[in-house]
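Both complexes below contain chain A, partnered by chain B and then by chain C.
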Partner chain A sequence: MSQLQYFLALVAGGLSAAALAYSFVTPFEQALLLKAFLALGFLSLIRFFVPLGLWADGAFALLGAVAVLTSLGAFAPPLPFFWMAVVVAWLFAWLFVERLSKSLAPRLSDNAGLGLLVPVVFGAALLVIWEVVTRGANVPPVLLPAPSAIGAQLANSAPILWADFVQTFIKSVLPGFAIGCLSGLVVAILVDRSPFLKAGLLPIGNFMSALPIIGIAPIMVMWFGFDWQSKAAVVVAMTFFPMLVNTVAGLNASSSIERDLMRTYAADYWQTLLKLRLPAAGPFIFNALKINSTLALIGAIVAEFFGTPVVGMGFRISTGVGRLAIDLVWAEIAVAAIAGSAFYGVIALIERGVTFWHPSVRGGRA
Partner chain B sequence: MVFDAFEQGRFMTPVVSAQNLGLTFKTNDGDVVALSDVNLTINKGEFVSFIGPSGCGKTTFLRTIADLERPTSGKLTINGQTPEVARKARAYGYVFQAPALYPWRTIEKNVALPLEIMGYGAGQQAERVRRTMDLVNLSGFEKKYPWQLSGGMQQRASIARALSFDADLLLMDEPFGALDEIVRDHLNSELLKLWDRTQKTICFVTHSIPEAVYLSTKIVVMSPRPGRVTDVIESDLPKERPLDIRETPEFLTIAARVRDGLRAGHSYEEAV
Partner chain C sequence: MDTVRGAKSVTRTGPIIVVLLAMLVVWYAAAIGMNAPWQTTLNTRAGLADVPFTDFALQTWAQDRPVLPAPHQVLGEIWNATVALELTSRRSLAYHGWITLSSTLLGFVLGTTLGVALAVFIVHNEAANRSLMPWIIASQTIPILAIAPMVVVGLGSVGITGTVPRALISMYLSFFPVVVGMVKGLRSPESIQLDLMHTYDASPWQTFWKLRWPAAMPMLFASMKVGIAISLVGAVVSELSNAAGGGLGVRLLTGSYNGQTIQIWAALFIAAALAAILVMIVGAAERMVNARMGARPA
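Then we have the complex of A and B:
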């Protein structure tokens, strides 16, 4: 065990003992599971004589989470030993993740499934603490609703959320993303083809990227109307420039020997472009696609703040805040986060397939 | 047999003919004379090595033949045509210092790259890829990607790529410079066999005296500042050359003459 693990184990065990002692001030049958967890936590100190596996710590953390969540309503207001138990459960989760990542590190690359366990445990611990703190400390739901409340809202408002998702993601983000990225790519090739355009278009593109989205969104609404077309236009404006700059850089990524080679074959411009320079620009283009995948969603949601039909994620967020329907706002944020991550993930997956040859993907030398 | 090749050459247009060839690069620090007054004739079937210290213009001369650089004075013809016409007629295959295989293509696809560009049909492509891969002993590695192969195998694949469209002239710019000596010896003897089988004209840039003497029928010694030809040595070594020919007196005599030619350019004393 490393020094940190040693320290974590010692504090977790010690704190369990203290909390267990404190818990005797309450009637014995109250919050039995919590007390059992604390007793087990205290007993875990035997690890200094008999080694315990890392899965034991995982079980402690899980038991702690369940015990803490089920005893939330047992005392009102919660007694100090309850909060101590929360800290103990968190320490066990930390210890578990610490040991897990140490033991996984050497074989992380060939074991993606287990590697995923670390962020999952981390995220779950975060959610449990969020739930316990908001409910245990009676945080007003307007400030921060508990995850369970958000989850309930997610389930209850599924039809609304789905309609918003279709309006914002399917109708605004996807077409805007496609048009913006494609036109960025085409203009990059035009810029590459002609020095005149390079001198003229690149500064204009640069200028466009400096336009504040807050400023152009209302103008787009005036130009293209209230529906998804104006949002798609904002997304186009946002995604165009990253694609343009990245592709222009990527088209110059091939080495001079690789280009000389094409010249010795008397290859024409388009053959060189298709067989050498575009493939070599692949990593750059995918970088732009990844940047744009998150930018596009942000752009569409913000654009909906400036006039929209009565549907859409941005519309729901702006009106939800006004009506103090904070649960719904959080549910909408959760949907946006999941949709954005999934979009990014899909592009990253395609990237792995297309630029499999690049050292950053195959994990080898150049 | 060697005589046959020379005799044929005399009645045909030379493959490469340079007269008073000069090339000056304009840089911010002033003009750099890369080639000055180069006169050289290379006939069909010859194996010509260019040797000299760095900066002597040997690579520049090769690039000028390939129309990758434009001469600023004098006359240069490839098969009686200008370098540009020759390049557009795909008159030569070029092997660079680095393999420069495209990492997103398999070895087989890399070898087929010039064939795709030149518009060969699928059947022709497959046939030629098979033949040239066999010629450089790379059969069985068709589906591998370049990064999965050793440096020597990568360079062999790049030679296969230069051979695939069957140009009569092969230009090689220090192709084995980055390889260790054991691999280099092996590839040198394979290159000789390949030259014998294909009857191509080869121009080979190197800075290794044993390599130049071992491979060549003609050795062009060059020296820098300005880049120029100081000696042209016709080698009378037999065409059949086992690796241990390098210990024979004939070999050592030629090597000594090359060394003298390099010293006459007294480049090393001046080199900073």
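Then we have the complex of A and C:
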């Protein structure tokens, strides 16, 4: 074990002992699981004489999470030893992750399943701490609702969330994304034929990518009305420039030796474009698609802050904030997060299929 | 030598100027087209018939609330709202611009510091790398900007108001590109270079300051450029939730409620200029650092 691991194990065991001693001030039957966990944590100090496997630490962390969650309602307000138990459970999770990643480190690729466990443990620990802190410390729900409350709201208001999802994602984001990316691609191919236009448009396109284009949202709402058309227009404007800049760069990605080869085949412009240059631009185009997938969702939601019919993710978020219905807002954010990640994931999957030849994909890491 | 360089810069800026001029022409033409229906209504109401085209065009470029204001109207509004007004006036764009700029800068500094610190931690600790990196990458696919108004209202309810909540949004947004870029940059030294440091008997501290940190500079500046642009967006969007707080976002919002298109465009231009200047400052700092480090000019 490394120095850090010794330290973590020592603190976890010592803190369990202190918390266990403290817990005797309460009646014995109260929060029995929590006390059992603390006793086991104290016993884990035995590792300094008999080695304990890393899975034992994983089991301790899991037991600690369950014990802490089940004894949340046992005392109100929670006694200090409850918070010490939370810290102990977290220390065990850290120790487990630390030991697991040390044992994984030499073999990076051939244990993908175990490698996935580390971020999952981290995410789960974060959720547990969020739940425990918000409910245990009575954080006002306006500031941060507990994950369980958000989950309940997610299940309760599924029809509303679905209607918002259709309005924002299906009606605004997807058409805007398609139009913006396609027009960016077409303009890039047209511009590519003229070095003069390329020299003129490319710096401007680069510059535009850095501007807060989202600010045109109120103008688009005025021009195209409150419904999804104005949101799609904002999305078009936001996605156009990244696509233009990336495609132009990608069209120059094929090497001159490859272009010479196409010339010796007597390939005309279109053949060279379709069979060499566009495929070679693939990684750049997909890079733009990935950037745009995030931008598009942000654009549509923020544009809804400037005026919508009474449906849509941005509408729900802004009115929910006004009515202090923060559970619903967080549920909406969870939907947006899932939609955004899924959108990105689908594009990444397509990328792996289309640009299978690229080193970044062949190496197994996209 | 100088003449060659001059000729080169002409060939580089020439096309940009031509394209910009073309965009200006298109803009004026579009302003005629888009403002024409309303101008025709106005003219029929006023009993004007057969207005010559040049007069009609001038009329469309001088409306009070045009669908698309002409560029000179926007520039005029910017002039009126900055130079011609006192700085402390509530209608001054300089006042609102300063509100936005201060939360942008505060958020950017906080975000960059936090991002660099986290990247250093991730590079030196395998457990942190494995548990944090997937979440950091996944969180970039989430429309974080959407929660901006909620964070501002939530923090406001516990008494934290003013620049700080808005700066927190900017911090949150600028933090991600910096972490991802810096992790890449700090890892960019090849193993042969790390081995050389090893043969010098360099401590981890020396390896960090003399090899990893300088090697990460290009990535740091590249991600800082992205970070400062996105902090500005974060600052503008987080202002939308509190119309009393001021800032360019509020100008956009009130402009859209009152149909003041010229005001919207003026705020938009100021925001764009701010973004451009901030990115340029980061670029200048990059060139200065590169020169100090003796990097070859690209």
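Heads up, the rule we're going with is that the second predicted complex is superposed on the first by the 339 of 366 C-alpha atoms of A that agree within 3 Å, B and C clash if a C-alpha of one lies under 4 Å from a C-alpha of the other, contacts with A are read in each partner's own complex, and residues count from 1 in each chain.
We take it that a contact is a pair of C-beta atoms (placed from the backbone, for glycine too) under 8 Å apart; a residue touches a chain by one contact, two chains touch by 3 or more.
If you're wondering where the values come from, they're calculated on a predicted model, not measured in any experiment.
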In the superposed arrangement, does A:A210 touch chain B (first), chain C (second), both or neither? second
Go through the superposed model and pick first if A:P119 touches only chain B, second if only chain C, both, or neither. second
For A:S101, select first, second, both or neither according to whether it touches chain B, chain C, the two together, or no partner. second
Considering only the touch criterion stated at the top, classify A:S255 as touching first (chain B), second (chain C), both, or neither. first
Touching A:F305, do we find chain B (first), chain C (second), both, or neither? second
In the overlaid three-chain picture, which partner chain does A:L43 touch, first (chain B) or second (chain C), both, or neither? neither
Please indicate which partner A:A337 is in contact with in the superposed arrangement: first for chain B, second for chain C, both, or neither. second
When both partners are placed on the shared chain, which of chain B and chain C touches more of chain A: C
Going by the contact rule set out above, which residues of chain B touch chain A in the complex? 66-68, 87-90, 92-94, 96-98, 100, 102-104, 113-114, 116-118, 145, 147
For a test of understanding, state which residues of chain C touch chain A in their complex under the given definition. 11-12, 14-20, 67, 126-127, 129-135, 138, 140-147, 149-150, 153-155, 157-158, 225, 229, 232-233, 236-237, 240-241, 248, 252-253, 255-256, 259, 261, 264-265, 267-268, 271-272, 275-276, 279
What residues on chain A touch chain B, complex-wise? 255, 257-258, 260-267, 271, 275-276, 279, 282, 355-359, 362, 364-365
Chain C-facing residues of chain A, complex: 94, 97-98, 100-102, 104-105, 115, 118-119, 121-123, 140, 142-144, 196-201, 203-204, 207, 210-212, 214-219, 221-223, 293-294, 297-298, 301-302, 305-307, 313-314, 317-318, 320-321, 326, 329, 333, 336-337, 340-341, 343-345
